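You will see two complexes here that share chain A, one where it goes with chain B and one where it goes with chain C.
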Partner chain A sequence: MTITETTHSNIHLVALKGALDASTAATLAKNSVLSGNLPTVIDLSGVDFLDSSGLGALVGIARKKRAANSDTLLACLNTNVRKVFEITHAYRLFDIYDDPYTAAEELSKKISAL
Partner chain B sequence: MSHTITLTVPGDISYTRVASSSASQAAELFLLSIDKLEKKTEFCHAFELAISEAFANAVNNANDLTEPQPITIQFIRKGSTLTATVSDRNKPFSIETPMPDISTYPENGFGLMLIRNVMDCVSYSRKDNTNTIRMSKTAS
Partner chain C sequence: MKTLIVIKEQNHAWVRNAFPGIHPLLLTLCNKPYIEYLIDFAILSRSEEIRIMSDGSLGEVEAYCMNGSRWGVELTYSNIRTTDDITTILQKNSRFCRDNRTMVINGFVFVDYDKESQYDSIINTMPDGVIASAENEGCLILRGQERNPDAAPAPSPPINLESIDSIESYYRISLDILKNKSSQFVLPGYGNEPECFIGRNVVISKSAEIEKPVSIGNNVQILSGTHIGPDAIVGSNVIIDKNSTVTESIVLDNTYIGEELDITGKTAFQNMLSDPGTQAVLSMEDPHLLRSTQNNGTLSALLRQITHAITALTIIILLMLPFLLIAPLLMVQGKWKKRLTDYHGAGDKKVISIATGTIPNQGVTGKLASIFSLNRYPLLFRVIKGDLSLIGNLPAAVSDNSSAPDQDNMTHYYRPAVFSYAEAENWPVIGSDAAIVERYYMVHSNPLKDIGMTMKALINLPHKNTPK
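Moving on, here comes the complex of A and B:
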């Protein structure tokens, strides 16, 4: 699992690459942006495999940020990743976008409107 | 005619991807003999996901007092059905656990839900201190 951090529209954009499973889920918690309270877009376009442990890590990140009145948006779920979201109804927990830049712009607008 | 592939993987969570990638490759190999299946990617992903979940469950179910036990994974091809088994010598467990509560959305407990959803048949047995979860899917 590799994690790349950039910013777009003043929003943290974290791109994940690789498999997000029981062997890599803990890596996410160690990332300062993901474990912090700043609003974040997670780009999953490079995630070729997700299981329930990986999903649990994403839910944990989103829950922690939400508790701090912050948001986590997801972008670019491939077919297999989307299937896991559908089976587990995890799509209810996240706003999901087709591309990370639109997600970051929407999140930026939301923050500006507050 | 039945063909079987057997893998023994260290019971360590860092080997999860070895187990799940092997499952995907076994399913891909199995599908070479199936002409008419349209959803080949979906079939391979089903085994990749089911093995990832079953392997992680076996590792997490290990007895804390002993060294991690190796986990045996088998892929059995019979006709148009591929069966995967994951066996460990850890504590007994049940696959009859209730489904997680979607309204409170816990961060874990979705593994069996996923396995049941992507496989046609799932069963569990314990014999000679060995847990075996058996998962089958027919290519049709």
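Moving on, here comes the complex of A and C:
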């Protein structure tokens, strides 16, 4: 699992690449941006495999950020990842965008409005 | 040009109650799934990409439409949240909409288009905003830069929208398509005259009368003395039994219409008969038949048992040599796997234990065993004993609650057997399709027919077991 961090509109953009499963879910928890309280957009376009552990890690990140009045948006779900979200109905838990930069801009606007 | 189809669950909640088990986007209007009308309209508007969005599950729609190659367009799917408005939805799909004129079909609406018309001119010359809206709910919205803003709008037919918000509107729109607008849409089926659409594998009895306009789906049996039409839509996998009449009505997929019924101005779906006008629903306990059938009586049951036992004995003698030669080899090779399972019995036999055998269709011995259906051979002795019928239903396992027949079905329509009618007819052996064919033969078969059906099952089973 490769994690690439960038910033857009003062929002952290975290791009994940590789398989997000039981063996790599722990890597997400160790990432300072994902485990912190800053609003974040997670780009899943490079994730070629997602299992329940990976999904659990994403839900854990989102829950932690929401508890701290922050937010997590997801972007660019490919077919494999979208199917997992479809089966588990996890799409009800996240705002999903097809473009990470738009997601970052919207998140930035939302924070400014608060 | 791109199209976003946005349909939220609240728009079609009534479909889940009126037609349980059918995904609302796959609900058929004149035997054509609803989503196909929207895809056709998007194509007529020169859309190259279509995205279907919902706040509910889209799995079944995706399995049906796939990537859109069938229509020559690119189909994608996306999920939204219930609270998302159109602006949010467009933002969430900004990459999809970027640099393109985008048409948004919002709501569970029927777009009344004409296949002979081109809608790209109107779509490309009109400014942003709502271009058509339905009376109750739903609209057609344009977003993005128009291609020819200075050009005068080309003459184009008006686009009318009608929300499908109740069984009444569903019934009205469906029959309107059949009666008045069949030339406007590409409807499934073929016919050598207008207003008559007949699908594949439709068996129409000589004495049945078909009066157009009528639309009949695939795999339909219309038995003797029936009268179909005018204004009748009969779905796929439907049986209309003897002397029944279907006029101004919609019979949805996988429905059995019993004998001597007169269905006028109704929608029939499996065991539910609805009146679209009053929205009254008559729900039968029986999952398929719309009319109760009479018990065959003790004498005919005894005659059937004797016939089955004699036929089973004949098959035992005929297959004895292959069984004695092949079975020991399979057992030595460890290919014959037996499992003792409890099944629901018929009549006063509450539970029967059956050792079911599975043989992999591999190798010479496996293939030979499959050809002779040897895994069923030991069960033939249970037919002579009276535990099983030779042909009837596949036994329902006690552990499987979903397949357990209820008390009424147990008495009249359940007969655990070595071979099933669904196997004989080469239908899928599980699910509602199998249930329909098994119910049909439970009512209409006789001992002589049973012998023929058993032979069919013996012939069809090896083909079914052949790996593809």
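Some notes on this structure:
FYI, the second predicted complex is superposed on the first by the 114 of 114 C-alpha atoms of A that agree within 3 Å, B and C clash if a C-alpha of one lies under 4 Å from a C-alpha of the other, contacts with A are read in each partner's own complex, and residues count from 1 in each chain.
One rule holds for everything that comes next: a contact is a pair of C-beta atoms (placed from the backbone, for glycine too) under 8 Å apart; a residue touches a chain by one contact, two chains touch by 3 or more.
Note that the structure is a prediction, hence the values are computed from the model and not measured.
Of the two partner chains, chain B is the only one that A:Gly60 touches; chain C does not reach it.
In the superposition on chain A, contact of A:Phe49 is made with chain B only, not with chain C.
When the two complexes are superposed, the chain touching more residues of chain A, out of chain B and chain C, is B. Of the two partner chains, chain C is the only one touched by A:Asp98; chain B is not. Legend: residue contacts after superposition of the two complexes on their common chain; A:Ala29 is shown touching neither chain B nor chain C.
With both structures placed on the common chain, the touch criterion links A:Ala68 to neither chain B nor chain C.
In the superposition on chain A, contact of A:Phe85 is made with chain C only, not with chain B.
Chain A uses residues 87, 89, 92 to touch chain B in one structure and chain C in the other. On the side of chain C, the complex with chain A involves touching residues 55, 57-59, 62, 77-82, 91-96, 98.
Interface of chain B with chain A (complex): residues 13-17, 20, 41, 45, 48-49, 52-53, 55-56, 59-60, 102, 105, 107-111, 113-114, 117-118. Within the complex formed with chain B, the chain A residues making contact are 19, 21-24, 49, 51-53, 55-57, 59-60, 63, 79-80, 83-84, 87-90, 92-93. Only residues 82, 85-87, 89, 91-92, 95-99, 102, 106 of chain A touch chain C when the two sit together in their complex.
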